[in-house]
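Here subunit A shows up in two complexes: once beside subunit B, once beside subunit C.
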Partner chain A sequence: MTEGFHPEIINYQTTNFELNMIFSIIVNSLKQLYYCVAKNDPFEKKCMADYPLRMADFDGLQLAFQRNNTFSNHTLLIICLRLFAYIYG
Partner chain B sequence: MAEIKSKYEIFCNELESMLKYFEKNQTISNKSISEDDLVTYKFISQILVKVEAVRTDNSKLVNFYFPIAKKCYYLSDDTKRKFLKDVDRESLDSKLSGLYSEKMYFNQEMDFNQSRFNNRKGIFTIFGSGTFLFLEVTCFVLTITNNLMLLMDDESMIELFGLIELALSVVAIVFFLNLNYPLVRQLNRFRYETTAAVESYYNKIQLDVFQSFLYQKNVWVFLYHIFCVSAGLYGYTAIITLDVFSAINLFDTMQFIIKSVVMHIGQLLSTLALAGLIMFSFSYLVTMYFVDEISGDTCSSFSSCFFYIMDQAFSNGQGIAGLTSATVESLGNKYYLLFLLNITFFLLINTVLLNIILAILVDTFSALRQKSDQFGNK
Partner chain C sequence: MKYEEDPFYDKEYQKTIDLLMGELDFVTDLFRKEKLENFNEATFVSYANSEVLGTVIKLMNYFLVIKEGDLHKLSKYIPKLEELKTYLEGSKDGVLMIYGINIDELSSPERKKYEVELAQIDPELTIKMDKRKLIELCKIILELCSNIVKLKPLLDNKRKLITHKTSIKRTEKINNTIQNFSNKLSIRRENINCFFTKVENNLKKTGGKLQVTEYLSAYYEHYKMVKTSLEAEKNIYIISLKDENNPEMMSYSYNLCAFIHNQLNGEWCIDSKNQKFTLIESLINTLFISTKSIQFNLLKVIKETGNTVPMLDKIWIEMKWTMSFVKFKTTIDKYWKEAFKRCMILIKFHQFLCEDNNSSFKELMRSHILPTDTIDRVQRWTTIFQRMSDNCQWHYNYVKGEINDFERSHRPYLFPLATGVFDNLAELCSGPCTENQLKIYTFIYDRYNGFLQRYWRDPNTQFYKAKLHWWSLFFQ
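Take a look at the complex of A and B:
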C-alpha cells in the first residue's frame, strides 16, 4: 500500500487538519470579540493577521471577561468555549 | 475515538509547553504555533472549568465543561488563604464538606465585592489586596531604620521617620475602614445570624468592633505601629524598639514560634505551676534545715529564700547544689540529706520539667511546620 494511503496516516492528518481548523476558528472568534467589544475597534482592516493578539493583551482579555457583560455573554465567546471544550476533552 | 482524543491531548500539551517556553524566553520555537494561539489558549483554558462526574456506579467518567462564573474573580485572596489554611484536609469528603459549608459565605462575599467594585471601580483598581502588604512593609522598613538610628545614637531623623510611619499606619486603617470593613462586618454578621440563637447589643459590639475591626490582621498591626511610634516619640523613646515585633506579622516562621507557645499554653502553665510548687516545698526545706550553707544573707527569710532559689536554681542549670558550698566534712551526716535534696531537685526541675516544656514547644512547632508544608504541597 502506498504510504500516503495508510489508514493511520490518513486518520492522523485528518485529525490534525481538523484540530488546526477548529483552533483557528477559536483564535479568530476571540480576536474579533476582543477588538470589537473590548477595544471598540471598527474591525475594518483587510485580514485577521492585521489584528494580532499579544501576551500584553492577556490582562485586557481577562478584565473584559470580568467586567464587560457584553464580552462575557457574547455568542463568539460561547463558540470559543464550546469548541475548546471539544479539543480539551 | 480514544486515539483521536489522545491527539487532542498532544495538541494541548504542545500549546501548554510552548506557553511555558514563551513565558521563560519570550520567543516561540515552534513555527506552526503563533503568539495568537498562545494567548488564546492561555485565556480560554483559564476561564474554562472541567468537572468529571460518574452518573451511576457502572458508567464511565463524563466530563462537563463550563466557563468560570465572573463573580468568582471577586473572592478575595485573604478569604482563599484563610479557607485553605483552615479547611480540614484529612479526606476528600472532609474537604468537600468544608467547601460546601463555606459556599454561602463565599457567595455573599463575591456578590458584595462585585457590586462594590462596579460602583467604585477607580478606588478598587488602584488599591488592590497588595496595598496593605505594601504599607506594612514600608512601615516595617521605617521601624528598622529608626531602630538602627537608635543603635548608632543618632536621633536626628527619628521624629521624621516616626511621623511618616504614623501617617502611613493611619492611612492603612482608613483604607481598611473604607474598603474592607463593610465586607468583613457584613460577613461576620451573616455568619453570626446563621449560627447564633440570641442577638444582643453586646454581641453586636463584639462583632462590629472587635471581630470585624480590632482583631483583623490588617488593623492591629497598624494600631501597634501607631502605639509604639506615638509612645516612643512623645513618651519613652525605648518603646520604639518594641515596634520591631511587628515583623511577626510579616514572617510565617515567627508566627509558628509564637503559636507554638500560645497553642498549648495550658500545658505549659501547668508544667510551670508544678515546677513552682516543687520549688516552693524545696525552698522551705532549705530554709528550715540548710540556710547556713547558702552564702550571704540571701536566705534570711522564707520568702527571700524562695525567690532566690526560683531565680538561681531554676536558671543556672545546677539546681540547689549550685547555691550551697557544703561538704561531708562540714555537715557530717546531714550532708547526705542535702545531697538527696539536691539530686531530687535537679532531676525533677532541671531534667524532667524543663525538658517537658521544651518538648511541648518543639512538638507544637514541628507539627505546625509539617501542616504548613503539607498545605504547600497539596
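Take a look at the complex of A and C:
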C-alpha cells in the first residue's frame, strides 16, 4: 500500500496506525521468539509485560540468531525485521 | 461350407486353402451386413470360430506333422500358405476387422522367434529352408487363428468403445510417435501438430467447425497437465508455453486457455465439480510456470466473450460458497478438508491471475462487479477478511498485551485463508497499482489494528504467518 507513495494513502496510514503499535509489535514478537525458541520457556504467563527483555539478553539473542536455525528462520523474526526495515528504511 | 471331395487329400491343398479364403470372405461380408439382415450373433460366432477358423487350425496341424519324405510334396504349397498368412493379417477390412483387433496386438515372443529363425537360415540350403519356411508359416497361421478364436466378434456398440479410432487410442499412438524425439527442430515442430491431424483432415473434408474439445481433453489428461506438482517444470509441454515469442506456442497456449475457459463456463453441477477443480488446478500450474503467456491468452479468451466475465463470476461464486462451508462447518472431517483444499485453490487462482504485475487483470477485478453484488472484487477481498475476523473474533475480546489461548470460537485452522486473502490484496495493490490502492485504503482499520496487536501462546501458529503477510500487504 505504501508502494508508489500516494500522499493520500500515506496520510491516512500515518493517522490510523500508531507508530507505538509498530514498536510494540517488534518488541513483543522478539520477546516471544526469544523466550519460546531460544530459552524454551513454556510461555504460560498471562501478559507480554511479564516477559522482560533487557540488554543482558542481547548476547543470548545474538547467539540464538547465529546458532539456532529455527530462531533465525522464524516467522516472528521475519516480522521484526520487516517492520524494522520499514521504520528505518 | 461343403466340399465335394475330401479336402485333406495331398494334391488338393491349394483348392482347400482357396476355399477357406473364399469362406472367410463370405464371413466378412456377412458381418458387414449385420445391421441389414437377421443376424444371429451366437450362430455367427460358432460358425466363424469353430467351423472356418477351426478348419484352418486343423489343416495347419496336419501340415505340421510333416515327415522328411513328404517334404517334396508339400513345398509347392509355400506360396499359397504365404498368401493365406497375408490374407489373415492383411487389410483393414479383413478378418481382423470382425474382431476389432490390430495385428500388432497379436504379435507374441514366440512369433518373433519364428521370424528370427527364418531369417537366420542360409538361403542356399534350399531343402532346409523350405522345411523351416513351411513349419514357421504354419505355426504363425496356427497361432494367429488360435488367438483369434478366443475372441468374440465385435458388434457395433462395443466396437465404438475400444476401436483405435477413439481419441484416447489415437492420442496414445501419436504420443508414441512423439516419444521418439528427433534432433531436428523442424521434425519436432511437425510432430507437435500430430495431435490435430485428424481434426485438420475433418476440417478439410467438411469445411465445418472444428470439434477439438475431446481431442484436447484426452491430450491434457494424457500429459498430466491437470496436476499441480513441483515436477511441472520438467513437463516439456508446460515449460514450452513460456516461449512468448513463438507463435506456435502462443496458439497452443490460446487453445489451452480457450478449452479451460469453455469448460469452466459451463454449468457447475455437483457431478462435474471434481473435473472443474482439476482444470483450475491445471490452470494454476501453467500460470505458475508460464505466467505471462497464459495470462495474456486467458484475457484474450475472456474478452472475446464480451463485456461480462461469466467464468470469473462462476469461480467467485463457488469460492464464496466453499468459504462459507469451511468457515461454518463445526466438525473437521474429510469433507471439510476437501472443501478447504478447494477454497485455497480458488484463492490461489485469483492471486495468480494478477501475478507479475498484470495490470489488465487488476483492472478487470476492479471494474467488474458481480451480478448479485454491489461492490467490486478488490473491495470484496477486504470484506472477506472483515467477515472472517468478525466471525472468529480475531480482532476483539482481548486485553492489549495479553497472551491468548485458542478457543473453539477462534477457529485457528482458518488462518491460512486469511493469509491467502492478504496475498491477494497485496497482489492487487502492488506494482504499484494506485487505482486499487485507493479503493481499499480506508477500510477496516479497527480490524487490522486488533488483529496485529494480538498474541497467541503458540509461537508457531499460522496466525503469525498471516500477520507477516498483512505487513507485506501494507508496507510493500
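As a working rule, the second predicted complex is superposed on the first by the 72 of 89 C-alpha atoms of A that agree within 3 Å, B and C clash if a C-alpha of one lies under 4 Å from a C-alpha of the other, contacts with A are read in each partner's own complex, and residues count from 1 in each chain.
The rule is short, and it goes like this: a residue touches a chain if its C-beta (ideal position, glycine included) is under 8 Å from a C-beta of that chain, and two chains touch if they have at least 3 such contacts.
Note that this is a predicted model, so its numbers are computed, not measured.
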- Task: Scan A:Cys47 for contacts with subunit B and subunit C and give back first, second, both or neither.
- Result: second
- Query: Does the superposition put A:Leu81 against subunit B (first), subunit C (second), both, or neither?
  - Reply: first
- Determine, under the contact definition given at the top, whether A:Ser72 touches first (subunit B), second (subunit C), both, or neither. first
- Query: Of the partners subunit B and subunit C, which touch A:Met55 in the superposed model: first, second, both, neither?
  - Reply: first
- Query: Between subunit B (first) and subunit C (second), which does A:Asn16 come into contact with in this model arrangement: first, second, both, or neither?
  - Reply: both
- Looking at the overlay, what does A:Val27 touch: subunit B (first), subunit C (second), both, or neither? first
- Which residues form the common part of the subunit A surface touched by subunit B and by subunit C? 12, 16
- Message: Using the touch definition from the top, list the residues of subunit A that touch subunit B in their complex.
- Response: 11-12, 15-16, 19, 23, 26-27, 30-31, 52-55, 57-58, 61-62, 65-67, 72, 77, 80-81, 84-85, 87-89
- Across the complex, what residues on subunit A touch subunit C? 1-4, 6, 8-9, 12-13, 16-17, 21, 24-25, 28-29, 32-33, 36-37, 43-49, 74-76, 78-79, 82-83, 86
- Task: Give every residue of subunit C touching subunit A within the complex, in rising order.
- Result: 401-403, 429-432, 434, 437-438, 441-442, 445, 449, 452-453, 455, 457, 459-460, 464-465, 467-468, 471-476
- Interface with subunit A, subunit B side, in the complex: residues 3-5, 7-8, 11-12, 22, 35-40, 42-48, 50, 63, 65, 67, 70, 73, 118, 121
